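Presented sequentially are two complexes of chain A, the first with chain B as partner and the second with chain C.
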Partner chain A sequence: MMERGYWIKSKPIYTSLVWHEKATSHLVVAQGQGGLAAIKLFQQMHPQQPVTTLYEHSDIDANFAITLKKVVPEDLHLLKSEQEVVSLLKRIMPTKRMGLRIYVAGSEGFIWAVAEAVKEFGIEDADIMKELTGTLARSIYCVHCKAITHNITTNIGKCSSCERMLFVRDHFSRHLGAYMGLMVDAESPGQLPEIEEIYP
Partner chain B sequence: MSMINAIVAAVEQVTPLVKHFTFVKEDGSKLPPFSGGSHVVVSMDIGGRVHRNPYSLMGSPEATDAYHISVRKQENSRGGSVFMHEHVTVGMPIKITYPVNLFSLAKKGHKHILIAGGIGITPFMSQIADLNRLGADYEMHYAFRSPEHGAFVEQLKKSCSSRLHCYIDSQGEQLDFKALLGDQPLGTHVYVCGPSSMVTVVLETARNLGWPERHIHNEQFLSPPVGEPFNIQLAKSNIEIQVPADMSMLEAIEAAGVEADYLCRGGVCGRCELQVLETDGAILHNDHFLTDSEKVSCKKIMPCVSRANGKRLLLDL
Partner chain C sequence: MASTFKKETFREDYTYSNSAEAIKRFPFPFPEDQYMYSVNIEPHVKGKVGSVCEFTFDVDEHYVAECLDKKITLEQDPGRYQALPHMMDAQWDFLELTMESLSQDYPQHFSLNKNGSVWTWENKPLGIKDTFTFGDSSTLAMEPFDYMGRQVQGDFVLLDHREETLFADAGIVTSQADWSLAFNVGMSWREWHGPVPRATELGVMDRALKHLLNLQFGSPVRRLNWTMTINPRLDTSPENYPQWGGDRNAVNADNVSDLVHLRVELQTLFRLPRSNAIMFSIRCYLINLKDLSTYSRWAKRLHRVQKTMHPDLIEYKGMTKFHPLVVDWLAKFDDGAALDVGTHAE
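And then the complex of A and B:
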């Protein structure tokens, strides 16, 4: 299945968060387990330029809000949902100037929701540093019925809308924040390859 | 490489050092369309030797009846600009390449800061036409030596109106790059074309302020530097060629009758890149294309502007 050198250009690459040395201000946006990535970032050093931090802590199993309050000395916003993060971003982005560096840590869905929210302010996703935390579970876009199914951890997943069995591809839509899902048994109905968890 | 057969339709002295040339197609038909920031390579036969220099297209990309270029006379050059100034006259046939754009506008940008020094204004002339047509937000910052050297200022005042900012060195006016780039809205792109010292300052300033690389654009065509003569060996053609002091490797290869790829001929586009199979000396990399590590590895060379100083330089050509 996984050949050496296999690589799809649209597949996003996530890294660990590291401060940009050259910047005029910084914006850190994290969610759930991503709070740990934000804490690690603040442990590297505290930049000289102003830092704004947004943290969504609705996940009770991964809540780093208390520690973040200790390590983030200023401008920390604790929020209860992704929607709150997005609306606060829309309020603060117009005040920011060129030289702002953006860091996002959280689930894949959260990362791309943030990227989509700041896009209208002229930020390209390639300019955002992204760390994927917690799960590798994928959102799948069904190319047949166009529905998006979240939290798929296996190589083949069932579309939540049309119930087709979809092969989970590496082709990724930045706009939708989802991977392409293609009917796996179209030519031989009911005959499915082995279903394995590969996005734990 | 296929060329356009053009005729010089007009020559205008714009400043003491700058001439504006208008080209039309020999058969009277329209020229190919292009986008703002494009350039063409003009072929010149100077004493039996072919010179090819890149020049930015200045006209509106929508007006394809004619192409417009401007040439600054460079006294200490290998003769291309002097030839354009002293020998190119109205009615002369001239061969040019199809337009290529290595300095295009970032269409998704929210605002565009254009910075020109001297003759570096030329690529912006066509970009401004595009920006005006798109209704885009932009500022044109134009620095030049003294009032008589400010080419096209009147034309720019009309096309840019209040978006034009001039800085005249002889009147003590300086462009404060840090102040300019230090306070721009998100989504801004900066473009610079001018002397290398200016390009370097703009690139450094933007980078130090934390502008992402994707938002920083520059165009800086180099003319092939004069150097010591050296020899090259072409592996596939199985010949040895001497590169004279005042000729580039690419020109010497072409003069020997070997076909080589090229686009900009100014060390920018990367098209003429050749693989170095063997070398016993240093490669004098003069291009803006190869990365620093590629330059150190000495496995690749851009023959349009780079030279060598060994006895042997075996190329995969």
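And then the complex of A and C:
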């Protein structure tokens, strides 16, 4: 049970996207349900400065893509996978100048994959505005075999690589975009707590 | 320091032990009857002759065996050494600080000869002698931080100073109290300390950070931290938790004083001159309850501290399972007489 007043200090706080008025240019990166957050952003206003928008979507979210095409007047890129988003980011980042602001909306895993991709271009975490959308599912880093398992919606998750059952320590790495997972039954083999879906 | 180095192990058969001299100089961390997180940072100045703070880096009777244990851990898991590319200046700073300190403080064991930028380093206890060019990594068999990190007891983290905080951007970590370098590398101060209960609420971490951001070259600082470990095991990493976690089940009233070790970390922090990074050194000292009770003052004090420990801290330090056994075993030493403030043995 969570204690009152308890919070995970290493877990970032996500907000709603709002334009930075003092930017020299903007980069909006969204995924899936994050398309809605991007639409809301463009409905606030269309900024004076140049805007580039990347949107990764599946067929289910195709409607957001249609709407985005209407509200985003320039430089919109529709993509099919996180990998495509990351490669495109690495291609366009060298052309960006000082004063660029970045806005990301999507799952926690997506947000930190984008943050990691732009880091090598000198973009610090604090320069990126982040909105968590769609799912509360978590990525878990297995501290034993070092694999990352995505989209875990339960309190205890199975490592996709070594298959150990992992409990999740309240420790989040922005670098890995994942929580730390440790073998849950190392001290008492075979004894698992009840598995509950608490991150739908 | 000891003139001979012991042959002993920190895993499997656990032959590690402390001599009478090592017990007497143990860095006992409790000056008062109650314990709570505090900043407790003091200047890392020369301590008394024979104490663990006599020199910049303490080399004791466990030196050779600890370096060997470190080597085994690094072979099994190369991820215990990490250095982000921008940390190369800090790596050379580290090599310079360790080589200069060790050769000055322990000339019978270590020597450093400089001929311009060509340096010759000799480490007699480990049988190492190398000549290299300072600043040129290609002249060493491994990165400079890795090279010297293996030749000093304890763990080392190099903290990069930017954005008004500190980032753990390099480390060599093989004797940690349940934290993972591979997970923490690249983290900021706040991210890193996220899981420490009650400390963030108390503002301890923010105050400590403020203090460290003002750390000056030539004025290192130190503090003690502690936990308890079953068996004299240096590598209590989360990576190997499946190997050591079960040891907690083995503790009973008969073996508690042999198995349960007070684990004290002497943490020292140095500002480095070229990189402006901070070197964070975490040196681990282990003593079982039996040896610790050689000095009744320590046994009494430890009893009182443990008896009044906050349950969140007991849980955070992984002591929940065996903690009542520790308190019961120590109780027999405690006559309730008042103890004066201080960590001294007698």
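A few comments on the model shown:
Here is the rule we use: the second predicted complex is superposed on the first by the 196 of 200 C-alpha atoms of A that agree within 3 Å, B and C clash if a C-alpha of one lies under 4 Å from a C-alpha of the other, contacts with A are read in each partner's own complex, and residues count from 1 in each chain.
Operating definition for what follows: a contact is a pair of C-beta atoms (placed from the backbone, for glycine too) under 8 Å apart; a residue touches a chain by one contact, two chains touch by 3 or more.
Note that the structure is predicted; figures quoted are calculated from it, not measured.
Residue contacts after overlaying the shared chain place A:Val143 against chain C, while chain B stays out of touching range. Shared-chain residue A:Met98: touches chain B; no touch with chain C.
Of the two partner chains placed around the shared chain by superposition, neither chain B nor chain C is touched by A:Ser81. When the two structures are aligned on the shared chain, A:Ser188 is found in touch with chain C, with no touch to chain B.
By the touch criterion defined above, A:Arg174 reaches chain C but does not reach chain B.
In the superposed model, A:Lys22 lies in contact with chain B only, and not with chain C.
Legend: residue contacts after superposition of the two complexes on their common chain; A:Lys11 is shown touching chain C, with no touch to chain B.
When the two structures are aligned on the shared chain, A:Ala126 is found in touch with chain B and with chain C. Residue overlap on chain A between the chain B contacts of one complex and the chain C contacts of the other covers 124, 126. Taken in their complex, chain A has these residues touching chain B: 20, 22-24, 93, 96-101, 121-124, 126-127. Residue ranges of chain C in contact with chain A, taken from their complex: 79, 163, 180, 182-187, 190-195, 200, 238-239, 241-242, 245-246, 248-249, 321. Across the complex, chain C is touched by residues 8-11, 124, 126, 141, 143-144, 146, 164, 169-176, 180, 182-183, 186-189 of chain A. By the touch rule above, chain B contacts chain A in their complex via residues 108-110, 181-188, 207-212, 214-215.
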